[in-house]
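Labels run A, B, C and D following the written order; every chain starts at residue 1.
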Amino acid sequence: MINTENLKQCLREFAAVRDWEKYHSPKNLVMAMSVEMAELMEHFEWMTEQQSLDLDNKTREEVALEMADVLIYLVRMADRCEIDLNDAVKRKIALNGEKYPPLNDRANKK
Amino acid sequence: MINTENLKQCLREFAAVRDWEKYHSPKNLVMAMSVEMAELMEHFEWMTEQQSLDLDNKTREEVALEMADVLIYLVRMADRCEIDLNDAVKRKIALNGEKYPPLNDRANKK
Amino acid sequence: MINTENLKQCLREFAAVRDWEKYHSPKNLVMAMSVEMAELMEHFEWMTEQQSLDLDNKTREEVALEMADVLIYLVRMADRCEIDLNDAVKRKIALNGEKYPPLNDRANKK
Amino acid sequence: MINTENLKQCLREFAAVRDWEKYHSPKNLVMAMSVEMAELMEHFEWMTEQQSLDLDNKTREEVALEMADVLIYLVRMADRCEIDLNDAVKRKIALNGEKYPPLNDRANKK
């Protein structure tokens, strides 16, 4: 459902030409990704839920770039762990679907 | 570089048939995503960097499913914020490229 | 304002008799503390702000134990970094007081 | 083992004179505390474990102030949740002691 192949190749080259591979252990990458996640969360910490649904354009752009940072590290870390993200997402959605059945199915089972 | 359209539609429907839309404010979603991120990080907290590069198959599969959870929430949150993740990633990589020039470029500028 | 000396000694011994010192680098401890923080946050991810102010007794107890985990790791990490938490808190509150003056002071300066 | 009463009172007043009480729901405070935790973690993301044990004075001071931020939010949040942190720490250490017996005890039970 989601093809991260191009992004993966791009990030490999990005790290290689900066000599960053030595830093890119999964342990370090998950720490860096968590830091980006918190920078994303910082935008929302004092907002009400409603405000978080009505972002102004400046905030939306800042939020978009923080989300991009998380996605970049996620794809990079998956590559370093030899994990196929698309395949993992498919399996996880199937698992979630079993764990939390739709309301209709629950009603039908009563 | 990365097409999240199908996954976005899938997650919209997943939330709708469970009556979860009322919970899916960006404020709540970023909290839930951070929790999934920490579940991912938990696998690595006592590992050495080298161990994190040599995951056994059982751990790799658990890590893959936690990464999927992060990606699922990221795509869902982007949808709720009306953010185009692919576009954001392109702009962020360009910004990162300016902020951290490749080693060759730095050498050439000396 | 806060004396963590006893707790520090207790945690030193706790780690020593379990042969955990080799795992307790600040890098590892900050990861473990972040995981505990997320377990604390998980209790609040789908709550409204008002609900988070009206915890039932069972949830309050679970929240209390997660907060304890964060504090335990914080005191342990400070010890491993040779940091005096009480002293740091005093200086930080002074810095915060300068950064965010009280409303009265702001009014008086107008 | 740890007395947070003075700090609690100080933080109450700090919030009151800035009219911040309306923002200080536990849901918001746990988000803000998580952001501070990530700012603490950021110092360690690319360090080796050994480097994290040998901080230079400048980094140690920055780390100390980030740890103070976490502790400040922790005490403030406990107050807003009507939680006694000292009591929670005592119970948690007892629980941890049962969950992870000391090595000697384990040897004796063989």
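Here, a contact is a pair of C-beta atoms (placed from the backbone, for glycine too) under 8 Å apart; a residue touches a chain by one contact, two chains touch by 3 or more.
Fair warning: this is a prediction, and the values are worked out from it, not measured in the lab.
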Homomeric contact chain C-chain D: same or different residue positions, threshold half: same
Selected pair, greater C-beta contact count between A-D and A-C: A-D
Gap in Å, rounded to a whole number, between the CA centres of chain D and chain C: 1
Mean-CA-position distance for chain D and chain A (Å): 27
Numbers and ranges of chain D residues touching at least 2 other chains: 28, 31, 34, 37-38, 41, 44, 48-49
Interface residues, chain A side, partner chain C - complex: 31, 34, 48-49
In the complex with chain C, residue positions of chain D that touch it: 1-4, 6-7, 10, 14, 17-19, 25-28, 30-31, 33-34, 37-38, 40-41, 44, 47-53, 55, 60, 63-65, 67-72, 74-75, 77-78, 80-85, 87-89, 91-93, 95-97, 100, 102-104
Complex contact set, residues of chain B against chain C: 23, 28, 31-32, 34-35, 37-39, 41-42, 44-46
